[in-house]
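Each structure below is given as structure tokens.
In the two complexes below, subunit A is the common chain; its partner is subunit B in one and subunit C in the other.
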Partner chain A sequence: VIEYELNPSRDIPRRRRRVRMPGVPLLWAVPGFVLAVLVHFVAVGAGAWYAFTDWNGISASANWVGLDNFREILESEVARGALWHTLELTAVYVILVNAAGLFLALALNRTLRSRNFLRALFFAPVVLSSLATAYVWRYLFEFNGPLNQFLGAVGLESWQRPWLGDPSFALWAVVVVFVWQYAGLAMCFYLAGLQSIPEEVDEAAAIDGASLWLRVRAVTVPLLAPAMTISIAYTTIQGFRIFDTVVGLTNGGPGSATETLTTQLFNQGFAASRFGYGAAFALVLALLISIVSITQIMLLRAREARV
Partner chain B sequence: MGLFRYTTKTYARELLMLALAAVWWIPFYFLVVVSLKSDQEVFTESASALPRDVAWDNYSSAWEGSSTMSLATAMKNSLIITGGSVLALVAIGSITAYTLARHRGRLGTALYLTFVLGLIVPFQLGLIPTYVVLRHLHLSTSYLGMILLYTGLLMPLAVFLFTGFVRTLPRDYEDAAYIDGASRMLTFTRVVFPLLRPISATVAVLSSVLIWNDFFLQLVFLSGSPQQTVVVSIYSFVGEYASNWNLIFATVILSITPILFFYVFAQRQLIRGFTGGIKT
Partner chain C sequence: MWYGRPVPTSANERLLDAEPGSAPVADVEASSEGGPFMLNGKRGRWIVLALTFAAAVASVAATSGPSAASDKALAPSNLKGEFTLVSHTGTQLPFDVLIKNFNAAYPNVKVDVQYLPPGATFSQPLLARINAGNAPDVLFTNPGPGGDVSAYQLGKAGKLLDLSNRPWVKRIPKVHRSIFYVGNKVYAEPVFMTASGVTYNTTAFKRLGFKVPTTFSQLLQLCGRAKAAGIYLMALPGLAGNEVFISASIPNVYASDPTWNTKRVQGKVTFASSPGWVKTLNRLIALRDADCFVPGWQSANTNTVAQLLVSGKAIAALGPSAAIARYQPLTPDQTWASFPFPGDKATDRRAAVGYNFSLSVSAATKNKEAALAFVDFLGREGQSRLMAKLFASVSLTDAKSGKIPSALTDYAPLIKGDKTVPRGTDIWLTPSTFNNLAVVIGNVLTGQQRPAEALKILDDTWGK
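Here is the complex of A and B:
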């Protein structure tokens, strides 16, 4: 009797121990499923349809206008500029933010005593509102602001300029702010990748006499390829979607030097109530984003198959 | 291990990185310093000089907000919308993910893949129809409308994160609770949900930051309404006070305080969320 109490499992028939709870009803997944499908599929599908109409948000019905909205995008100088700025800005942003992120990750991966503290400092801007961040930088870029005062103090008066008021610099000022804000995020993608590389591999190469630079090039970077794919894809999509930073810094100006697809989507679709035309910008944006997403998935799949 | 010792070279590298971090943080220096300067000092003094008389009343003016809305009200709106959406995301997201993770058949897999596809679909395209529908239902400037919208918007992300976690949970706990006579719902709320705590924290922290900071949707839906949120308030505040940088920066600091608080106390969940939620 005593033994039974101490060791109850022994006397319980095997069958009973394998009793399984019956499956949960799929019905439980319905509310979440419906919400997600409404927002991500029904609304998005409807948006694709609006892009081929002339709807203004007020009239009772939308008329099918075929490709007219897209023709207008190609013919309008501002709209073409917006598309071009988006591509230009994204390309430069992706290169700079990934270079900065990779550098920070390599520098803060191991050995440094303050690495956790430093990571936290570089990541902090990521969690801030990009609109608020943009306002801080707008002040730094003002003509009488800190940046020009600094240039004056170190004898570079000739470099002083109204950064955000100069059409040939405004777009690059936007890129600088965007890189500053999200380098810490790229850093985290690469840190996650670095942490999956066993220290022994790196150490083995070091014992064999490989220099730091060679180790980075021959060991670290190839093993970082998946992290790089994810980071590049994510930051590319970020670049396409940029909105808050542009609104906060330049609001599309000077003139239309920093208009992007999203500012046009907002200005045409909502401010000017041209829903159909605005939706056409959204469709162009969606196509760009989809191309990047699909490429990313194919690259990751192909690499997994090879390994 | 011996090869990665802490040498003088490492020490130099450490100092270099600390210096770089200090440069990186220069914008925060100006943010704080300017927010404490009086109206005259902002324009007369050199930008980098510390304030001579600390002007704390910038903060009380900022708290009063613009002529149309106080920052306190905007904070309350942001809190309700963010809090409501996060609660819904954790509650609905966890049970949805749990259900899908325990249905490994064809239908369950198909439903799960639909969520994964939802992660990729660019929502920008759905913005205009959503606006039209919510306006038609008179929900476009309501808390409920925004909460429903954000819940649907971030549901794929929540389900993706939760499902990955549930799949690592052994079913034994559920079976044990079932043997003890608990109903399936009770098993979920009392046994499974508490086990999900780490991932619930990640989902909650990540979605709080994303929703609190989101500007586009709040600008489109709430601008000028009594439900206007903090981000939109800063936007209209800047429009109103064009270059009163001291007031603008005091507002900015007040508006990012809740998030910074989060960042200090839930940093790990935040970073895990940001990097893990994107790995598709």
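Here is the complex of A and C:
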């Protein structure tokens, strides 16, 4: 008691710690929550509804057709091709863009004096319009364009081909352009990860006699796991959503060799005036992105925890 | 007078609205409006004489300059305003002339014009704009239900202004009313009739000693001769081959069955099961294998084709004669014309004449008066003839008077012999068939699918 009287302030903070701030009524969050739902989900939900109709995008009414649009996606060879191309393109893109990004990040992390200039140089394509970039590359890939002219000049005439018109190469030409444009972005993710790795860890491994390759493989890459999670998840979503680059380069052609879910969505929804069918592609794409991204993030997070 | 084979009115109206596979209706040829539209007998000869005189007067008026004399006689209007116009780049050079003429008659009306590249890059953003409620006041449309930007479909959906009370409507041929009328409303101004075939550089043909081929084997021979001369016969837009496919199909599909389109609407035939369509694709494969196309055709679009033709690397291209409007102004020292795509025999050739171009006014226009002044101006006889001339096509007045422009001379015997067929897009049910033609031709010519396999795409999406 005496102690209490002598030093009353000692107890006060303890009591203060126990005092809880008056809680914010949940009701206050309702307007913001409603607004968020309206902006983010209602419009998307309304779009999803059209996937179950035969709306042509211009008439006043739409008829409910149930799962017919999805059935047609499964039955149509072009639509199945678009789904397959999307998966192929995304898988190859994610691997290549992350490999290129990681390589650039490791190369430009510390040692080079001109690293800041080079980082800016490799990041520059990211800020360019995908469509504009695609048109420039389209010119490069033309049959009489600079790429084939170069091949001719160095005696590789047999390698010359209509890069964007050959069904065996067109999709990979799209991947090349997409990787070229976004390798700088992956580089940024990995550079941010590398900056957070203490130099001492690398130095300790070097003192212990680990070679450069062993240090990268056993020290740097495992510690980059969080950056890798972000980069792989982001580029996967980007790969699934690829549109401008395909439209600018091939518009889905030759024939349907580079059709993806997004080009089908647009071509069916707008060019062929089949908005309902186009919306079904959008829904399939959204589901695909959700399933793949969630699975991927869960696996990568589990890997992070193990590291 | 010639307008090609008739597209039946009331019967066709039912056909256009019919569900695929619904009960067949009267055949086009059996329609009361049907039959060749040649004037016979004493009365007919008098009408022909009267029309010829009228046409002569009109042609004298038209030759007095870009604006017809009758148009020039009108004092400049006091109408003030501004409107937006969206068309495709292929129409830019003729429109430059026509807008200049319009501004001479309407000095206080500003035309805010925007040109988009043709094909999907034209229709997609335009339809997106219309759906978003941001349609241009005046827009390029395709009149039939199967066109890319179909005025029929847009009009039916209430997106276009009814133009049925405009002065030029009376010039729409009776036989083609079903293309332009939705009920009793008109949503598209038929600016001219174009022929689908092979556009070619007549100057280059003369220089090389080439004659217009009347059989397919003659056409193949020209490919070899062109290559020997260091050029290629044709430029092919491998990424946008819709019009190529239509042009090549004419002798192969319609020579043996001029009513094929009607039968398809009635569900009596399919693309995949029709030998004519398979043959069309095989003919294009034969042209590919004979090195007829400029290398790189697989990734070429219509812009590439225009560049190749203007630069002289190729001297012909399959498609509508209206495409000449793109090449002619850039090659003033050369002349261009069109010939019908040949079949096995010279007698297989047909003239596919129809409307792949019309003008419409948005229902949501806030500049109605100015927009209508423009479409009415282009509907004036003098301007419409000038427009047809710039597009190497036929104005409705000239079609009525039986006058065939020099660019279409090779079609004259076919037109006079009533060997004409309508364009598929004037009759096909929805735009998806036209759009998928590019996919089919691309898949077949690049070896991704066999013809019958690829044609199934058209049947699977028919009417959707």
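Everything below uses one rule, namely that the second predicted complex is superposed on the first by the 252 of 307 C-alpha atoms of A that agree within 3 Å, B and C clash if a C-alpha of one lies under 4 Å from a C-alpha of the other, contacts with A are read in each partner's own complex, and residues count from 1 in each chain.
Criterion: a contact is a pair of C-beta atoms (placed from the backbone, for glycine too) under 8 Å apart; a residue touches a chain by one contact, two chains touch by 3 or more.
Quick caveat: nothing in here was measured; it's all calculated off a predicted structure.
Novice: Have a look at where A:W159 lands relative to subunit B and subunit C in the superposition and call it first, second, both or neither.
Specialist: Neither: A:W159 stays clear of subunit B and subunit C.
Novice: Look at A:W137 in the shared chain and tell me whether it touches subunit B only, subunit C only, both, or neither; answer first, second, both or neither.
Specialist: In the superposition, A:W137 touches subunit B alone.
Novice: Examine A:L283 and indicate which partner it touches, taking first as subunit B and second as subunit C; both and neither are also allowed.
Specialist: first
Novice: Mind working out whether A:F266 is in touch with subunit B, subunit C, both or neither, as first, second, both or neither?
Specialist: Both partners.
Novice: Go through the superposed model and pick first if A:S256 touches only subunit B, second if only subunit C, both, or neither.
Specialist: The second partner, subunit C, only.
Novice: Any idea whether subunit B or subunit C touches more of subunit A?
Specialist: More residues of subunit A are touched by B.
Novice: Output check: A:A107 vs subunit B and subunit C. Expected answer is one of first, second, both, neither. What do you get?
Specialist: Only subunit B; A:A107 stays clear of subunit C.
Novice: Between subunit B (first) and subunit C (second), which, if any, makes contact with A:H40: first, second, both or neither?
Specialist: first
Novice: Report for A:P31: first if it touches subunit B alone, second if subunit C alone, otherwise both or neither.
Specialist: first
Novice: Output check: A:W84 vs subunit B and subunit C. Expected answer is one of first, second, both, neither. What do you get?
Specialist: Once the two structures are laid over each other on A, A:W84 reaches no partner at all.
Novice: Overlap of the subunit B and subunit C footprints on subunit A, residue-wise?
Specialist: 57, 142, 144, 247, 266, 270, 275
Novice: If you look only at subunit A, which of its residues touch subunit B in the complex?
Specialist: Its residues touching subunit B are 16, 19-26, 28-29, 31-33, 35-44, 46-48, 50-51, 57, 107-108, 110-114, 118, 120-124, 126-133, 135-137, 139-140, 142, 144-146, 149-150, 180, 185, 188-189, 192, 199, 203, 206-207, 230, 234, 241, 243-244, 247-248, 262, 265-266, 269-270, 275, 278-279, 282-283, 285-286, 289-290, 293, 297.
Novice: What part of subunit A is in contact with subunit C in the complex they form?
Specialist: Answer in residue numbers: 54, 56-60, 75-78, 138, 141-144, 162-167, 170, 247, 250-257, 266-268, 270-275, 277.
Novice: Applying the document's contact rule, which stretches of subunit B touch subunit A when the two form their complex?
Specialist: 1, 3-4, 6, 10, 13-14, 17-18, 21, 24-27, 30-31, 34, 46-48, 92-93, 95-96, 98-100, 102-103, 107-108, 111, 114-115, 117-118, 120-133, 148-149, 151-153, 155-156, 159, 171, 174-175, 177-179, 184, 187-188, 209, 212-213, 215-216, 219-220, 231, 234-235, 238, 243, 245, 248-249, 252, 255-256, 259-260, 262-263, 267, 270-271, 274-275, 278-280
Novice: Of all residues in subunit C, which touch subunit A in the complex?
Specialist: By the definition above, subunit C touches subunit A via 119-121, 123-124, 127-128, 130-131, 148, 150, 153-154, 156-159, 238-240, 295-301, 304, 430-432, 435-436, 438-449, 454, 456-457, 460-461, 464.
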